[in-house]
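Please find the structures below.
Shared between the two complexes below is chain A, which has chain B as its partner in the first and chain C in the second.
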Partner chain A sequence: MFKSVVYKEWIKTKWFLIILTFIGLLAVGNIFLKVQHNIAFNDANKYWYLILFQNHHYFKSLKFVPLFIGLLIALVQYVPEIMDKRIKLTFHLPINENKILMMMLGYGFITLLASYALMFFAFVGLSNQVLPTEIVQATISSITPWFLAGFAAYFLVALVVLEAIWKYRIAYFVAASAFMLFYFESSIPGGYNLINLKLILLTIAISISLSFSAYRFRKGEM
Partner chain B sequence: MSNVIECKNLTHYYGKKLVYENLNLSVKEGSILGLLGKNGAGKTTTINILHGFLQPREGECLIYGENTQHLSPITKSRIGFLIEGHVQYAFMDIHQIEKFYSGFYPKWNNKPYWELMSKLKVTPKQKISTMSCGQKSQVALGLILAQEPDLLILDDFSMGLDPGYRRLFIDYLRTYAKAENKTIFATSHIVQDMERLIDDVLIMDYNRVLAQSSINEFMTTFKQFNFKLGKTDIDLSKEDFVSNLEKSEDEIELFTYESESYVKNFLKNKNIPYTNFSEIKMGLEDAFIGLTGKY
Partner chain C sequence: MKKISRYILVFIAILATSVALPKLYWLAFEKPISRPFIMYSSLEHDFMIQRHENKQFHRTDTKGNTYTRDEFEQKLPLFYVRQLLISGIMPDTINGRAMDTHEIGKARSSYRFKSSYMIAPTPGLYPLFESESGRANLEMPEDFFRITDRMEFVRASENIISEKKSQMFTTVLNNRGFDFPAAMIAGIPTTRKSCDEGYIVVDNSNQMFHIKMVEAEPYVAKVEVPDGLTFKFIACVDFSDKKYYSYLISSDNEVYILTQDEYELIKLPIEGFIPEKEELRIYGNLFNYTVISRGTSSLKVIALDKEYNKVDEYTESWTKLSDTKAGKAASFIFPVELNLSNLNSSFIDFYFERTKGFNWLILNLLLMIAHFFIIRKTGLKPTKNLIDFAVIAVTGIFGFLAVNIFQNKFFD
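And then the complex of A and B:
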């Protein structure tokens, strides 16, 4: 059964996932082309000084990329389920409704994780080649919330899309948009040092919100 | 024979609008029941309750003895479900969708599916979304048959189908159901399709059940009599034996479960003059309109 669920979700998402990951890697590559350009044509020490003391955010073009990927993957995965109320087919499969939703969500999470991991490790790998460890560590702390925002966007878009009643859908969308601001409060290197763990826990907590829409659907709120 | 579906005292409202009150229905194992009703009479509501997609305000439905709000995966695997409009995962092609469903059903038998698919003029990689309604109906039917369910619930199965595909769908389904002793619960807007398919009929009107019996019993006991009244100011519509009455000046179309002699005696005893009395042979669609009215 799990294989079948993965198969269906893969059919829906594969091209988007591949293309979006490629775009993400291009964004990372673009950042380091610029960094290398600056180091090559300016003095490296001066450039590091800019990063450390003048708030030069060389990585800022990455800011909304994970969010964009998470959002699109959720749309690609869940919009086909609500078209023609196709979610009824999914809920009719001989498997517990919450279990199958969690499988779908798990698929989305793991594929996003794989996509983000490629981007993240490419970013860290390239950073380590051209920047000192202190800068790289502070940068990791700054970009982590952006990747967490990608997961949160994925979970919240799933919740909004699977909600059957428009007025609730709009309310969820407004609340979710406000919630997403938590992840973009600061770009300062190390700015999120103290709350990254809390953001991780918060992101995990919202992952189960999808089951609320499913529960409402099964009660007949459609 | 035991009941596969049993609904007891179902009451449901949408907001304050009553859909029905204390509805009872049952479907025997191996029978094909057609649920007929006008738009808004509660057909889709009943289907949604049967699938557990809607919780009735009161009462319950049981399928194989389990409350439909909490069907176990084993019981769900015994139910084939056709959604109104033959909705399927339209982003898949016929190979992908067969592969997907086969992972869920232990008794999966793809022979009837490929048999039906071989009759379709579709390319192996063609997405279901690009198929005609008729082709989609065959995909949906093939998948249900491959599942080898014991009970088939078909919601408005003839919607969007041209006459040829409707006939193909019905004939294939009836032959299959009778050969394999399957139980079917079906709704359709096209009543004459039901006549070829069903054994039992349940006719719903707003808030109530108008008829529930075998199709043979219904078609032999429910009658239409046409006659001309001698006086135009007589109102027969309130009489107990009159199920429905259509009046156009002095021309009467009377629908009843009573016999010709009963109606004639009634008119005679009440001194109501009439002429041109005749019984009209009805098909299921005529009987349905006769019972529920044209409006």
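And then the complex of A and C:
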């Protein structure tokens, strides 16, 4: 059963996943083309200085990329399920509906993780080539919430999409949007050091929120 | 699992609304609070106060005398020196001392401390300038240093360590008894300063050192710090009179200066300053220092003479934001306000501010009653919604919105 669910999800998402990951990697590549260009024109020491003391965020163009990927993957994965109420068929399978949904969510999470990991490690690897540990560490602290936002957006979009009643869907969307702002406060590099762990825990907590939708769904709110 | 997932969503919604709603509220109703500008007049030996109220400036001294703008500026000739020179009314002598613009300029200093400078991530890497390059302007060095288990210079062009230079500085620091790693590194990491005086560095054993580079060689001087005196913040300054290297804030909130060349720590008579919550400004001139420590609803101004003795003091307070009309109204709506940023910190975090008093309990109670009717209307049993009532009782409007967005409808 697990293989079948994964295969179904893979059919829905594979091209989006591949193309979005490719776009993500292009965004990372673009950042380092700019870094290389700036170093060539400004000298490395002056460029380091800009980052260390002038609040230059060389990585800022990455800000909404994970969010965009998370949103799109969730839409691609869950919108087809509510069209013609196809997910009802899934829930009639001889398996707990929560288990099925968790499988779908798990699939989405793992594929997103793989996509983000590629981007993240490409970014950190390239950063390490031209920048010192101190800058790379502060940068990791700054980009971590953006990747967490991608996961949170994925879980929350799933929640919104699977909700059947429009007024609640809108209410969920408003509450989720207000929460998503937590990941995008403007800050100096390293400014997210204190909150990152709390955001990780909150993002993990959100991951089980889909079972709320599943329950409403099964109880016939649709 | 289903119940847990609902309460997680309720919790997330409470967090989101407790940030968003107060933010929107203050955006709509916050009015600017006028804070006075106060400076010690070396001429009048009194504090001169300028307030901006009802879109008008009011200028007085502490005795209640009022002044026009021109009169006010003339009472503070060393602060408004340029204006008085342009107007041709700069006095020739003040307190029996002939006024020389070069001397006035040299003695002028201004420094501002904000809590967010202290509560902030540190860069960890710093440029060590050549202090005696023989050039008119300072130049950005090729490398940046860190002080971890040794003093290490990283060459930016290749992102590799300059081994020889690192060893040279580490050896000298070891010889001076430096205990690695550094606990604090303070300097002015910019080429836009009159000259370079390197860095004041506190080591792992709270010893203080002055480190700079003179003709490509390390210069390391140990600063004698009295036993038990430790510092939580050091700010290096670049003033024309070259009297001291830095302002230092000790662990027990005293403010010190570190004199140039003699490395003497002098305590300034500033009492009651809370660096975690207050801003500090220090203005110097030929005769006095004006030290202003300002909190959210009060300020204290101390005038010092040039030997750092207190000559006068003035305090003033104004209406707190929470005591304004909008603040009082807010106390009836929000039991707590959550912020992700804080004026006193450079870190993003969850900053909870509990509302003073218990006015919000009234609204919480009304919302509980409203929730009771909502539950009745949907045909559910109030006894099965006790947790929701508890959530509203504690978190008020935030909880009310949260439990109604993520309804308990299917859990009976």
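Worth pointing out:
Heads up, the rule we're going with is that the second predicted complex is superposed on the first by the 221 of 222 C-alpha atoms of A that agree within 3 Å, B and C clash if a C-alpha of one lies under 4 Å from a C-alpha of the other, contacts with A are read in each partner's own complex, and residues count from 1 in each chain.
By our rule, a residue touches a chain if its C-beta (ideal position, glycine included) is under 8 Å from a C-beta of that chain, and two chains touch if they have at least 3 such contacts.
These figures come from a predicted structure and were not determined experimentally.
Once both complexes are superposed on chain A, the partners chain B and chain C fit side by side without clashing. Touch criterion met: A:P80 reaches chain B, while chain C stays clear of it.
Of the two partner chains, chain B is the only one touched by A:S4; chain C is not. In the overlay built on the shared chain, the residue A:K12 is in contact with chain B alone; chain C does not reach it. When the two structures are aligned on the shared chain, A:Y172 is found in touch with chain C, with no touch to chain B. Once the two structures are overlaid on chain A, chain A sits at the apex of an angle of 140° toward chain B and chain C, using CA centres and rounding to a multiple of 10.
Ranking chain B and chain C by residues of chain A touched puts C first. In the superposition on chain A, contact is made by A:F53 with chain C only, not with chain B.
Between chain B and chain C in the chain A overlay, the least Cα distance found is 9 Å.
Residues 219 of chain A contact both chain B in one complex and chain C in the other.
Those residues of chain C whose C-beta lies close enough to touch chain A in the complex are 1-2, 4-6, 8-9, 11-13, 15-17, 19-20, 120-127, 140-144, 146, 154, 156-157, 159, 189-190, 340-341, 346-350, 402, 405-407, 409-410.
Of all residues in chain B, only 48, 51-55, 69, 73-74, 76-77, 79, 81, 83, 85, 87-92, 96, 99-105 touch chain A in the complex they form. Only residues 43-49, 52-53, 98, 129-132, 134-135, 137-138, 141, 159, 168, 171-172, 175-176, 178-179, 181-182, 185, 187-195, 198, 202, 205-206, 208-212, 214-216, 219, 221 of chain A touch chain C when the two sit together in their complex.
Across the interface of their complex, chain B is touched by residues 1, 3-4, 7-8, 11-12, 80, 83-86, 88-89, 91-96, 217-220, 222 of chain A.
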